[in-house]
Every structure is written in C-alpha cells, then in structure tokens.
Amino acid sequence: MSRSAIVVSEIDVAALIGEIRSASFGAVSSFIGTVRDVSDGRRVTAIEYSAYSAMAESELQRIVDEAEKRFGVSALVVEHRTGLLELGDVSVAIVAAHEHRSPALECTKFVIEEIKKRVPIWKMEHYEDGMREWVDPTRSKHTSPA
Amino acid sequence: MSRSAIVVSEIDVAALIGEIRSASFGAVSSFIGTVRDVSDGRRVTAIEYSAYSAMAESELQRIVDEAEKRFGVSALVVEHRTGLLELGDVSVAIVAAHEHRSPALECTKFVIEEIKKRVPIWKMEHYEDGMREWVDPTRSKHTSPA
Amino acid sequence: MSTVTVQLFASYAELLGASSIELSLAPGSTVSELVRKIRLLPGASLLPTTPRVAVNRAFASSDQRIDPSDEVALIPPVAGG
Amino acid sequence: MSTVTVQLFASYAELLGASSIELSLAPGSTVSELVRKIRLLPGASLLPTTPRVAVNRAFASSDQRIDPSDEVALIPPVAGG
C-alpha cells in the first residue's frame, strides 16, 4: 500500500489523498511543501530542483520502508518533484494513513525530516534580481524553510 | 485567513488545501479523520455525529484562535461534519499553513487533540448487528480512534 | 426562585428522556448546585457526579453562578474528530 | 590501479566544472582516500574536508572500500522538501 516517487510533473495532492483513503484507516495526515516567494529575506521567482535520481528514489523508498516499520502505518505515499518549479508549486507531498491519529501525524513529520536530511535533491533559487544560487541548508542563517 | 465551521455536507479536502495554499507559505499540513469500519473490535456500518452546534462553532473557533496565536500559522481552516456519515466519509479536516514545517505540523496536531477534548460533538456508532451506541472515549478500552 | 432551561444532548438526553429540562433555581445558584438538582431527576442517577456544564456556550467551573438569562447545557463526554 | 567514475551534482558539479570525473585508485582504496584525491583537483579546494559520499546509491562511511564496479557519487548538502 506504500510507495514513493521522484516526479517531473505537477503533484496532485487530492489524488494522493484519494489513493490513500479507505474505510480501514481513521486518520490521514498529509504534508505538502510549496515554493515560497521569499528565502532568507530575498525575493524568489522560481526554484529549480535537481536530483541524483537513482539514489533519490532508493533513499526515498528506504525512508518509506523505515517509516512503515516504525509507525505501523497502513499506507504511505510520498512524491517529490524535480525540475523548474514556479511560486506556489508543490515540491513534495507526503500522505500517511493509520487507524489512529498519532502514528499518522508522527509518520508524516518523520518522513519530511528524513527527506531533508538524506534524499539527494538540491535546489537552485532564482531571485528577482536575476541571481541564482544553490541552497545550502548547512550554511543558512535562518531555519531552513519547509 | 483562518476559519472554522460545523458543516452538514461532504467535506472537500482538496478545496480546503486549495483555499490555504499560497506562495507565502512553504508548508501546508493537513489532517483528516474518516469513518472507520471497525471500532473496539465491532464492525461499524455508519456513524451519526450530532453536536451542540452553537457551542461547537464557538469552541472550534476558540481552538483556531488559540492555535493561530500559539503557532503563528499564516492560515488555518477547520471543518467538522455532523449528520449520518458512511464508511470512509471525512468527519473532520484540518489544514494549516506556515512558512516553516514544524509550526504547521504542530498546529495540526494541536487542533485535532483539542477538538477531541473540547468540542461538543458526539457520535453514535451503528453496528453490523443493528445495535447503536453513543461513543464515550472516557470509557473506551482502547486508545480512542482518530 | 427563577427558572433555568438546561439543554441536554446525546447520551444525557437519552438518560433523562428529554432534549431540555426546566429547573427552579435560587438566585445566585452555582453550577454545582444546578448539577445536584439535576441528579435528583428520574433517570439522572446514571449521570456522572460532576458532568461538564456549559454556560453561554463555554465550559463553566463548578462555582460559577448561573443567571436566569444564561444559556445552560450539560455536556456528555465529547467524541468529535 | 583501477579507474573509478565519480558523479558530481549541483554546487559540486559547478565547483569542479564537470558532472563526473574519473580517478585512478589503488585496489582496496577507501572513501576517505577517494576524497583526498578529489580535493587535489582544480576547483576542489572549496569542497568541505569530508563531503558526503554515496556508494551504490547509499551513503558510505569514510572507511568503506571502493570497488571499480561501484557507482560512486559526491553528495552536496541536500536541500529537498
């Protein structure tokens, strides 16, 4: 019932929730990350996500497998998009279902935290002034955005 | 940007997420509760939700106001449905947006926990054997379902 | 004495066989005095000793005073979500 | 000596001006020996002292041995989500 994917087209969050919903699960938790218009105080116009795709797919699936074991979730779907994303576009979506709410919520949190630590995906921010920069969360002055 | 409602028709989760999404928020967390087919080991066929509507609306809005203050969320929408719900129907939906992921996730968790403690809504489970019973989470043998 | 209407819901409405009841209360009566009176009614012995009470759509403490114009309700264990 | 191809991504590919490089490694070389060799290349001085390395699509420890048939990559700080 669980799967993960690196995708290049728009992520359809409603479809993912529909895929997961079932009368056997009482709780469905989801998280989506979207492209923000501001980063570290600079105005962003777009973000280019690139990945080491083969490893990103493996690592994402490892996270899903770990999460399934750890939280006993009934179903878990994770999609991460790569390519040039516009403001407001969904970059990542996580949907987790469980009979009870706590494991569903905790699973979702676990997956996004692990993605940010381990999945080889990078983003280059395009700024209003024409500049472009690779985002390095290890150097960021502020908390890394979602 | 935040609102809450007690509704009698189907909750459209995708519409709620669409309502909340914006290029200003990097993180959107959501939680939905659905009608499960099993409760405390008994097969459920439907659940009838009833409410002290006037107070449920006030209490739900107080929770939303507290959550906004506590987590600084940019937007928060909560809907709880009443009436006769079938298996798989969405009984409650919470969607929270924030610049960053942690407050969005924590806000969603806070709201569902508070709803379960404070909002005057009750459910009567209809079982396969024709019996009907009011659910009393304070007497439940198992963890209360989502 | 003044009359206060108390709304009942769900299992409590079933226990007392009504969706609301009218009670005579001495001026300045508190929530706990109201509860004591309700527990004397037929069917009410199965109520918890201290059921939650809402006054004007907010949970009330046991020592809160009740005014005849208040909207009063007994709140069974909630089960939303 | 055998030849190992190392894939580069994002900021590291820009630093070294290539999306992959070929290195000669003595048999039984470890990840840390590989990194030491890479850091001698033009542009590589700006790499962190111990960049993360993936072997066969999984993060590798510094003492892991590299086989010529392994798929090897340098992994810049990830920024997914």
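Labels A, B, C and D are assigned to the chains in the order they are written; within every chain, residues are numbered from 1.
Note that contacts are C-beta pairs under 8 Å (C-beta built on N, C-alpha and C of every residue); 3 or more make two chains touch, one makes a residue touch a chain.
All values derive from a computational prediction rather than experimental measurement.
Participant: Touching chain A and chain C alike: which chains?
Facilitator: Per touch definition, common to chain A and chain C: B.
Participant: Quick check for the class: compute each chain's Cα centroid; which one is farthest from the centroid of chain B?
Facilitator: D
Participant: Indicate the whole-number Å distance between the mean C-alpha point of chain B and the mean C-alpha point of chain D.
Facilitator: Each chain reduced to its C-alpha mean, chain B and chain D end up 49 Å apart.
Participant: What is the distance, in whole Å, between the centres of chain B and chain C, each centre taken as the mean of its C-alpha atoms?
Facilitator: Spacing between the chain centres: roughly 26 Å.
Participant: Rounded to a whole Å, what is the gap between the Cα centroids of chain C and chain D?
Facilitator: Once rounded, the distance between the two centres reads 72 Å.
Participant: Taking each residue of chain B in turn, which ones touch at least two of the other chains?
Facilitator: In chain B, 33, 101, 112, 146 touch at least two other chains.
Participant: So which bits of chain C are touching at least two other chains?
Facilitator: In chain C, 81 touch at least two other chains.
Participant: Which pairs of chains touch each other in this structure?
Facilitator: A-B, A-D, B-C
Participant: Please output the residues of chain B touching chain A within their complex, sorted ascending.
Facilitator: 13-14, 17, 21-38, 87-88, 98-101, 104-105, 108-109, 112, 143, 145-146
Participant: Could you please specify the touching residues of chain B with respect to chain C in the complex?
Facilitator: For chain B paired with chain C, touching residues are 33, 49-52, 54-56, 58-59, 80, 91-92, 112, 115-124, 134-139, 144, 146.
Participant: Could you please specify the touching residues of chain D with respect to chain A in the complex?
Facilitator: 7, 9-11, 14, 54, 57-59, 71, 73, 75-81
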